[in-house]
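Next, two complexes with subunit A in common: one pairs it with subunit B, the other with subunit C.
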Partner chain A sequence: MKRKNTFLIFMVGLVYFFIFAPLVLIALTSFTTESYIAFPPVGFTLDWYSKVFANKTFISSFKLSFTISLAATSIALLVGVPGAYALSRNSFRGKKFIKDLFFSPNLVPQVVLGFALFTFIIVRLRLNVQAALLLGLAISVVTYAFRIVGASIESLDYAIEEAAMSLGANRLTVFFRIVLPNISSGIVSAFLLAFINAFNNVPLTIFLSGPGVVTLPVAMMSYIEYNYDPTVSALSVLLMLMSLAIMLVSEKLVKSGR
Partner chain B sequence: MSYLELKNIDVAYDGRHKVLDNLQLNIEEGQLVSLLGPSGCGKTTTLRVVGGLLEANAGQILLGGKDYTNIPIHKRNFGIVFQSYALFPHMTVEDNVAFGLKMRGDKKAEIGRKVAEILATVDLTDLGKRYPKELSGGQRQRVALARALVVRPKLLLLDEPLSNLDAKLRLKMRVEIREIQQKLGITTIFVTHDQEECFSISDRVAVMNGGIIEQYDSPENIYSYPATEFVARFVGYENFLPLERTARGLASGGSIDFKIDGSRLIPEREGLKGTIRPEDMVILTPDSPIDHNIIEGQVEVRTYLGKSYQYKVSTAFGDLVANGSSQRLYAAGEKIRLHLPENRLIVV
Partner chain C sequence: MPRLREPERYSKGGPCLRKKSFWLLLLPGLLLILVFLILPIARIVLPTFQVEGQLSLSLYQKFLGDSFYLRIFLRTLRVGVVTALISMVLALPVSFYISRQPGSRKGIFIAMATFPLLTNTVVRAFAWITILGREGILNNTLVRLGIVSEPLKLLYTEGAILVGSVYLFLPIMLISLVGVMENISDETLEAAQSLGANRLTTFLRVVVPLSVPGLIVGSVLVFAGASAAYSTPLMLGGNKNMLLSTLIYQQAMTLDNWTRASVIATVMIVTSYLVVGILNQVAARIGEKTT
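Here is the complex of A and B:
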């Protein structure tokens, strides 16, 4: 028993090491006084952090990424939540096909999707780049809404809805007063996952960029191509902190919602 | 005219597989009527059709003379208690119970008063602020009952409400349900597969099989005078003798003429059977003066039931089952004479 425990702890330690070591490395390099990314870091400075905020491209692309990811995630949820509800509560011809369609979004490589959206929406329909970006990201994350919210709905006893109806609630009231409060944690986790995925997306957004429309990950990539300094490390640390903050806040929300 | 009338209800899944077949049922106001039958007999389907949870393919539902067939569920004002109780997990007991009143648009003070009143009725006054997951099975059951009753429904529908409770609680709850039902005088349909449970609290019982009602009668009549072989088997009749009509009456195997209760009509059809419960069979002592309705046989197996012993007896009509007292025991292989009293021998 004792030996097994040590082995388990060793393995878990190894897993955590592989996950966190690169993150720690990045974090450490962001404090170096050298002008290139080096390990171990030399000295200590917060200059690279101030450089992040001084960089206009980073700031504007962060704003773009944040708003467009938020909007795309909202669209995905507005489509996905009622869609998942309709799919789980009704039976009709072709239901399985539609379900599979929504559940397997990443069968098509995102590069292909990005290229397709580029040629169709931007070149053919001549819509602006933001619209294409918004649509592309919404399509790529709608699956999270479907999968996670769908699972929440499936685990909800349908008799609860029938009971509400028998007490005088119509379909709409049942959805908002009975179903929604009971799948809120599913919606929050779907929102999170979708948002973070939209925010970090590169293969799709790299196609759907244009003058003045560059997402943060794409901006970071092109920055690294020409500058190999710890600004990117500092920016990475800031993004990690943002993800962490979102997670903590949402966890609080989910818990207090119960 | 009855309070609730179900007329020619047909339900078929996939348009072919018939679940309810031309079902007719009349229920008087204030009565508790049970739908009894094995799983798949259509009892829950009937309840769902009445409740508006399921649309019938054909037929009509009348309540107090008004056509309810096309009234949607949320406008019927029927109280439904589900097998899983279906409490709203995100609401307290009070909010669960108040939900129906809020939907009707009752005033706040009114809602508070009615909720307190019904919680007192089901003995849950102290638990109003709890959430469903903090309650025991019996308490959840009572919340479900209170939630359905607080809106003063025109009809109370109970779908196997006791099947998730342990045996002791089940006995207690069924008495409570009957008590509340009688106090409020609310017309109730109770779906169950448990014969004892249903007999104990029902005014009338509809025994269902294969989408039709085999017999609709008082529990006493169903117990003593089953109308069909299915009903007889379902309520514990174990002995079945093929009967044929003769000039003098009814005979079995062409040899024994049976006397039967003359006050009851014998069905006008072929393939009649005489049936009798094991506990109604009488094992005759050699000096008994009884000279009719006697079948001779040989004991095959004796089993102990607590109150009595049960014998499996092989006879010319096949194996029969008879109960006997502990005053005189018979061993396997012993020859005995079985008497089938004419008032307990039922023709189906």
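Here is the complex of A and C:
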């Protein structure tokens, strides 16, 4: 297949245009001086960006989304990494069942989980919305921690651990001095992927919101319902920059980890 | 880091951890999932099969017997299936092209496809509002060029949901397909061509059949994702084109009808398990045939 295939190239161009054009359009419209979303954009201003930072709801919901996602991701890793380690280092009957359990959060539609957690945590247990958000997001991303870190652990030779132990290190030392440094790039990519997914979550967090406790994507959605101005474009660009930063950091770390 | 020996030999041989430490490591994760996933879902699913203390399916008969809800259910299935099909058609040639690129370029193509996946779904749906809306970019352009005299109704239609869903999930199909197409060797393709197959025949009779595992994985992910997505159908479909995911929110939070919301939740879980289960069965069959 040496000769260039025009049809293939056309399809590739079309699909990547389809993928990027909408995002580029948003970025362009965020600089317009008109008070509505205009294309081609008129003039150039950064006003819409300052409007984002002046919007109290956006700022407080960003803070909430950021801290809750960070905390939920930490919980997911704290329970997922030991779990993945235990499963990969032992084989026993029922291993597949337990593995499936760890994968099950990805099989349940997020709206269903949101509704179930709303009736259980908020209505039945009477915990506050923040607790519900924290647990719900931890559940919804635990599979990333479990799967990605699990893959790193599987590819780590157990002989290294045995060697360390035969030289007198105990289990705990081996885990912290041998296993953890070797799977650090897996942990970092699991962390970043889980964080961005928790941060972006709508279907779960829309059920788990209360007065003054609204995640950023949900706040953004209700803003769009009543307003159609380039503030949302500006906020979208800021969020895209955040995703881009996370992606670049994770690429870099994964590469240096190899 | 060089790969040392086969890692599995040690780890799969037998228990390497003592029983107590094994359970100690596993317990927190298991508890989290059992208490805050399995239990809450069982609490909403199980009561729907009981009416006045009797085991009964009448709630489901009522739900699916109502043409309003049945239409929403069928629309949900249709959006899932059609999104998967369109993604497949678009992704097959493109992922084939990507899979034939040298390593670093392949990485760039894959990273570019991954980027939208890390972007908020609200942002991505909003982009399509600005394109498809009444005063949107597409309508403005069409009117200015004189192709249509009045703006078309593009937004708040099932078509808009489909466009938005393909936009959300096409990257997943691309990545799943590149994963399997990478393993098709150049020699295989050359062999087909040296036997007289042209490029299209090679693609359709060699590449596509060898990509079936990736097609199935991709379809499972795209169908499950598109039929359960929330913000895209809400923002692009509007009130007239509800899917089960937007219906469950309306029933639970706006109308406080938790029984119906629980029925919808169960329908969604069962549907996704059935589709995933059937496709996995198909994948297993094909796996048996080829090995």
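Basically, the second predicted complex is superposed on the first by the 234 of 258 C-alpha atoms of A that agree within 3 Å, B and C clash if a C-alpha of one lies under 4 Å from a C-alpha of the other, contacts with A are read in each partner's own complex, and residues count from 1 in each chain.
Criterion: a residue touches a chain if its C-beta (ideal position, glycine included) is under 8 Å from a C-beta of that chain, and two chains touch if they have at least 3 such contacts.
Computed from a predicted model, the values in this text were never measured in an experiment.
Student: Just subunit B (first), just subunit C (second), both, or neither: which does A:D157 touch?
Tutor: Touch partners of A:D157: subunit B and subunit C.
Student: In the superposed arrangement, does A:N5 touch subunit B (first), subunit C (second), both or neither?
Tutor: Only subunit C; A:N5 stays clear of subunit B.
Student: Output check: A:K63 vs subunit B and subunit C. Expected answer is one of first, second, both, neither. What do you get?
Tutor: Neither subunit B nor subunit C is touched by A:K63.
Student: By the touch definition at the top of the document, which applies to A:K252: first (subunit B), second (subunit C), both, or neither?
Tutor: Neither subunit B nor subunit C is touched by A:K252.
Student: So, A:K96: does it touch subunit B (first), subunit C (second), both, or neither?
Tutor: Neither subunit B nor subunit C is touched by A:K96.
Student: If you count the residues of subunit A that each partner touches, which comes out higher, subunit B or subunit C?
Tutor: Touching more residues of subunit A than the other partner does is C.
Student: For subunit A, which residues belong to both interfaces, subunit B and subunit C?
Tutor: Common interface on subunit A, subunit B vs subunit C: 157, 159-160, 162, 182, 258.
Student: Of all residues in subunit C, which touch subunit A in the complex?
Tutor: 1, 3-5, 7-8, 10-17, 21-23, 25-26, 28-30, 32-34, 36-41, 43-44, 90-91, 93-94, 96-98, 100, 111-116, 118-124, 126-131, 133, 135, 137, 140, 167, 170-171, 174, 189, 193, 199, 224, 228-231, 234-235, 245, 248-249, 252-253, 258, 261-262, 265, 268-269, 272-273, 276
Student: Touching residues of subunit A toward subunit B in the complex: what are they?
Tutor: Subunit A reaches subunit B through residues 157, 159-160, 162-170, 173, 178, 181-182, 258.
Student: Can you list the subunit B residues touching subunit A in their complex?
Tutor: So the residues of subunit B in touch with subunit A come to 51-53, 73-80, 82-84, 86-90, 99-100, 103-104, 144, 147-148, 151.
Student: Quick check: in the complex, which residue numbers of subunit A touch subunit C?
Tutor: Answer in residue numbers: 1, 5, 7-9, 11-12, 14-16, 18-20, 22-23, 25-26, 29, 36-37, 39, 75, 78-80, 82-83, 85-92, 98, 101-102, 104-105, 107-113, 115-121, 124, 135-136, 138-139, 142, 146, 154-162, 171, 182, 196, 199-200, 202-203, 206-207, 217, 220-221, 224, 228, 232-233, 236, 239-240, 243-244, 246-247, 251, 258.
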